[in-house]
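These notes open a run of structures that come right after.
Each of the next two complexes has subunit A plus one other chain: subunit B in the first, subunit C in the second.
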Partner chain A sequence: MVGLSVGEKNFIKHGIAQDLRNDGRKRLTYRPIYVETGVIPQANGSARVKLGATDVIASVKAELGRPSVSHPDQGKVSIYVECSPTAEPSFEGRGGEELSAELSTALELCLLGGKSGAGAGIDPSSLSIKEGKVCWDLYVDCLVISSDGNLLDALGAAIKAALSNTGIPRVQVREAASSDEQADVDVSDEEFLQFDTNGVPVIVTLTKAGRHYIVDATSEEESLMSSAVSISVNRQGIICGLTKRGGAGLDPSVILDMISVAKHVSEQLINKLDSEIEAAERANEEEP
Partner chain B sequence: MEYVNPEGLRLDGRRPMEMRQLRAEIGVVSRADGSAAFEMGNTKVIAAVYGPREVQNRSQQMNDQALVRCEYSMANFSTGDRRRKTKGDRRSTEISLVIRQTMEACICQHLMPRSQIDIYVQVLQADGGTRSACINAATLALADAGIPMRDLVTSCSAGYLNSTPLLDLNYLEDSAGGADVTVGILPKMDKVTLLQMDAKLPMDIFENVMQLAVEGCKAVESYIREFAILLKKKMGPGYATAILSKNGGSKS
Partner chain C sequence: MAGKTGSMPATYSPSPATRKKKRISIANGADWVRPDNRSFYQCRPAYLRTSAVSTAAGSAYAEFGNTKVIVSVFGPRESKKAMMYSDTGRLNCNVSYTTFSTSARGQGSDNKELSSMLHKALEGAIVLESFPKTTVDVFALVLESGGSDLPVIISCASLALADAGILLYDLVASVSVSCLGKNLVIDPVSEEESYQDGSLMITCMPSRNEVTQLTVTGEWSTPKIHEAMELCLGACSKLGEVMRSCLKDVVTDSKE
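Moving on, here comes the complex of A and B:
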């Protein structure tokens, strides 16, 4: 982790109190965000997102699977995060597993909605091919290459970008002879379907350092964090998921206040992210 | 299966002695002391170097030289079919060891006693020759970190299929079952630091295949040197001296 002296910590804290952070940002300003799509050709969709010195890759792979018994008309989505030791030497060996698990769970909470699939960013029933027989299983794999704070927001943005880059092959179901047999499917390698990613929320993490809270904290600022709340908000301004991290307690009224701030910040973030994704897709098309 | 067609072209359209396209980039992980990305065709790896720094585990400290450590990991999405693998399986432990030993041969460890250098390599895309790509990336990352080195290490593989020696195998050729020779050399000192082969080859053919791999290593070396000269122009005279100091041999 970052080793900061008492003086340095005070400097950062006072900067935050005066609404002028170390890198010249205000409390509620994001670092410049940079998106590149299609970075992993083997995957159905992929994206790399840089947020300052934080650098993450998300890839989406679709595989044919069997729907679960409880929800036969829905596909499955799972999110895995891996922290590469290139980002931080302490992630070596099994060192990154705890953080990986924390981030994976937080992302699933924020993006996948409840167990029934209600409120999910990607509608799980759109992944169904034949009820009770075949569906698409989406595996979202993320890799943290470089970490300078605010990993969750960056990962959320990368997943959103990767999903809008994703093409799922069109599938035709051949009628099976009897109903209990495995369904026979034709996977097209020419026709691809795109997801509607309009509903995929973005994640805004508000980090409380001292008496104020900030968005998009760097790792120096995160080392002062007492607690953080990650809120996922979609385009309609609806909250899709929420997690609180860090030990210190928060006043309930502060949390409500944070939510309304996150809602406000998310509007700008969604617009910025959408235009970046669009620019990245256009750059891909122009390339031969 | 036919790996070289009658016109003498391979599955991906290369000639037998042709390398895949190389691409290097430096400073890809801004928080590391040194970092590089290296691509050989569709194989894409990044390497990050932390150090020289204080030894984390005191019992490993050496009073006469630096401790070099290496970890190799593959991203879940790096291979064609997605699989969830545990960290530290036998294959990655073995590759970590190979990379560490190869890099130890070129780092001037005696200049940095009681310190530690960590090399982390991460495979983003695997299409054959990850070992070689990792070593090439690690060399660049060490140079970017300004760590004193005797020479560059460069690596390349070669194989033998359809009675033809092939340079720089891709995944399809690698898994064809023929011999796969991976070589790492110190080009200026003209020494081999890494040599691995699976399967079997007659003696005289092995000589040819290994010679081809060495030629590949030299091609990688000249690419890296050209890249370093370009960088030096951009970054100023103090940069990448580790790569360029042996260039021409007159400065030492």
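Moving on, here comes the complex of A and C:
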């Protein structure tokens, strides 16, 4: 949290009311997004996203696992966020733990969809290898390197970029002799399959400060937030998840208004992000 | 105190009965029946009771169908020494499951996710300025998990806070809906939750018409969100009335 004087707070608040924020942006403009993919060679896929001074890394690791009893035809995806004390001294010990847990929960809510898999960014049934026997377990680990507000949107973008960078080895199932034994699998180390990341939603957080709301708040602006609503929207304009932060209550009509604004903003964000990811991938190919 | 034990438990369900019928015929698979034979927009019968634990400053017990929850509130009491000075009060929430609450044993212990959700749902309703330097502890224990656990915990916790005499802007009522195919189902049981396509949970302060917490998962179109929110808000205000009458009953009973 940033300590701001009353005067500074008023300055920011009035700027927002006049649609001109401290860094010259309008209320519904994002900071420039910078995407770099393939930053972690040990992972199946990874990406680094910078949003102004906010800097996060996401990595995707795939491991063979056993599908759960309730959904034998689906793989599992889990998301963990780590807030390192290098980003901010307040993240040391419990402080970081609390924020990490909050961000992980919000990301799982926004990106993984319902229990049956509807609205999920990654179709869990595409991770199945042999029903009831083997499946891929996807571990998405995120690290907050530097924090200047709007962590959730940046993490969401980083996960989307990391997933489109992910290659899952092709797997061949050898017919097992008896049906209850662990299936015999051949993991190829040459052929990799890519995910279809078209359906992965982006997260748009609208922060309410005073009577207006803004996107992509810096930590200064976040310190005067009364409440914030994070909405994840996919390319079709369908809402895949929503959470609210902050203590202040909101009128139901305001929330509906926020949803329609978020849908509008998400269109631009998805296009921007996709072109950035494509550029990053192209730069990767040229390098070696 | 146990004024209502003998009588039928109070029920609530969102109001317009005519609309209910029309919607169901439109919905696909109208012959589909819910596991407990409720109609799609009918909530489970709610049984609420305050002062369930005598040693706590305030407590409440809630039973919605098979979901049984007990919440105790302690405080306001002095914050831990390690905490920094704060001119507003602190709220500490903890949700735990008993080992026998779910069909698979040992799912118990603390649930950090639900604890933070409970905290977020309640903090907006409590007048924290009224108890500076101190902490209010809210401990929730799920005795039996039968679906819609979090909404029941939240509603029960706000009742316990009121019972403890902690200043609130309003009671907090919470209701969730599940999306199953094209159908919206209010107050889902565990079975419905396990194969739902999406869920939406609202916690609100009915008389202020303010939403303190809202979570959505799964695929939702905008009109569907509208519909689900309306449904939930209607049910929340009904539930709010039931909670209010539960608090009033205690007072009138003790006078008699």
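Definition applied: the second predicted complex is superposed on the first by the 288 of 288 C-alpha atoms of A that agree within 3 Å, B and C clash if a C-alpha of one lies under 4 Å from a C-alpha of the other, contacts with A are read in each partner's own complex, and residues count from 1 in each chain.
Note that contacts are C-beta pairs under 8 Å (C-beta built on N, C-alpha and C of every residue); 3 or more make two chains touch, one makes a residue touch a chain.
Being a predicted model, the structure only gives us computed values, none of them experimental.
Q: Following superposition onto subunit A, is the placement of subunit B relative to subunit C best described as a clash or a fit?
A: Overlaying the two structures gives subunit B and subunit C room side by side.
Q: Please indicate which partner A:Ala87 is in contact with in the superposed arrangement: first for subunit B, second for subunit C, both, or neither.
A: The answer is first: A:Ala87 touches subunit B but not subunit C.
Q: With both complexes overlaid on chain A, does A:Leu143 touch subunit B (first), subunit C (second), both or neither?
A: first
Q: Which partner does A:Ala101 reach: the first (subunit B), the second (subunit C), both, or neither?
A: After superposition on chain A, A:Ala101 lies in contact with subunit C alone.
Q: With the two complexes superposed on chain A, say which partner A:Lys263 touches: subunit B (first), subunit C (second), both, or neither.
A: In the superposition, A:Lys263 contacts subunit C only.
Q: Would you check which partner chain A:Gly3 touches, where first means subunit B only, second means subunit C only, and both and neither mean what they say?
A: neither
Q: In the overlay, answer first, second, both or neither for which of subunit B and subunit C A:Gly247 touches.
A: Once the two structures are laid over each other on A, A:Gly247 reaches subunit C alone.
Q: Give me the angle at the C-alpha centre of subunit A between the C-alpha centres of subunit B and subunit C, rounded to the nearest 10 degrees.
A: Rounded to the nearest ten degrees, it is 120.
Q: Please indicate which partner A:Ser70 is in contact with in the superposed arrangement: first for subunit B, second for subunit C, both, or neither.
A: So A:Ser70 only meets subunit C here.
Q: Check whether A:Ser46 is in contact with subunit B, with subunit C, with both or with neither, and answer first, second, both or neither.
A: first
Q: On the overlay, how many Å separate the closest CA atoms of subunit B and subunit C?
A: 11 Å.
Q: Can you list the subunit A residues touching subunit C in their complex?
A: It is residues 70, 98, 101-102, 105, 109-110, 112-116, 118-119, 227, 229, 238-252, 255-256, 259-260, 263 of subunit A that touch subunit C.
Q: Could you list, by residue number, the parts of subunit A that touch subunit B in their complex?
A: 39-43, 46, 53, 55, 57, 59, 61, 63, 80, 82, 84-89, 92-94, 97, 139, 141, 143, 145-148
Q: Can you list the subunit B residues touching subunit A in their complex?
A: 28-32, 35, 42, 46-48, 50, 56, 71, 73, 75-77, 79-80, 82, 84, 87-88, 118, 120-122, 124-125
Q: Quick one: which bits of subunit C touch subunit A in the complex? Just the residue numbers, please.
A: It comes out as residues 112-113, 116-117, 120, 123-125, 179, 193-199, 204-205, 208-222, 225-226, 229, 233.
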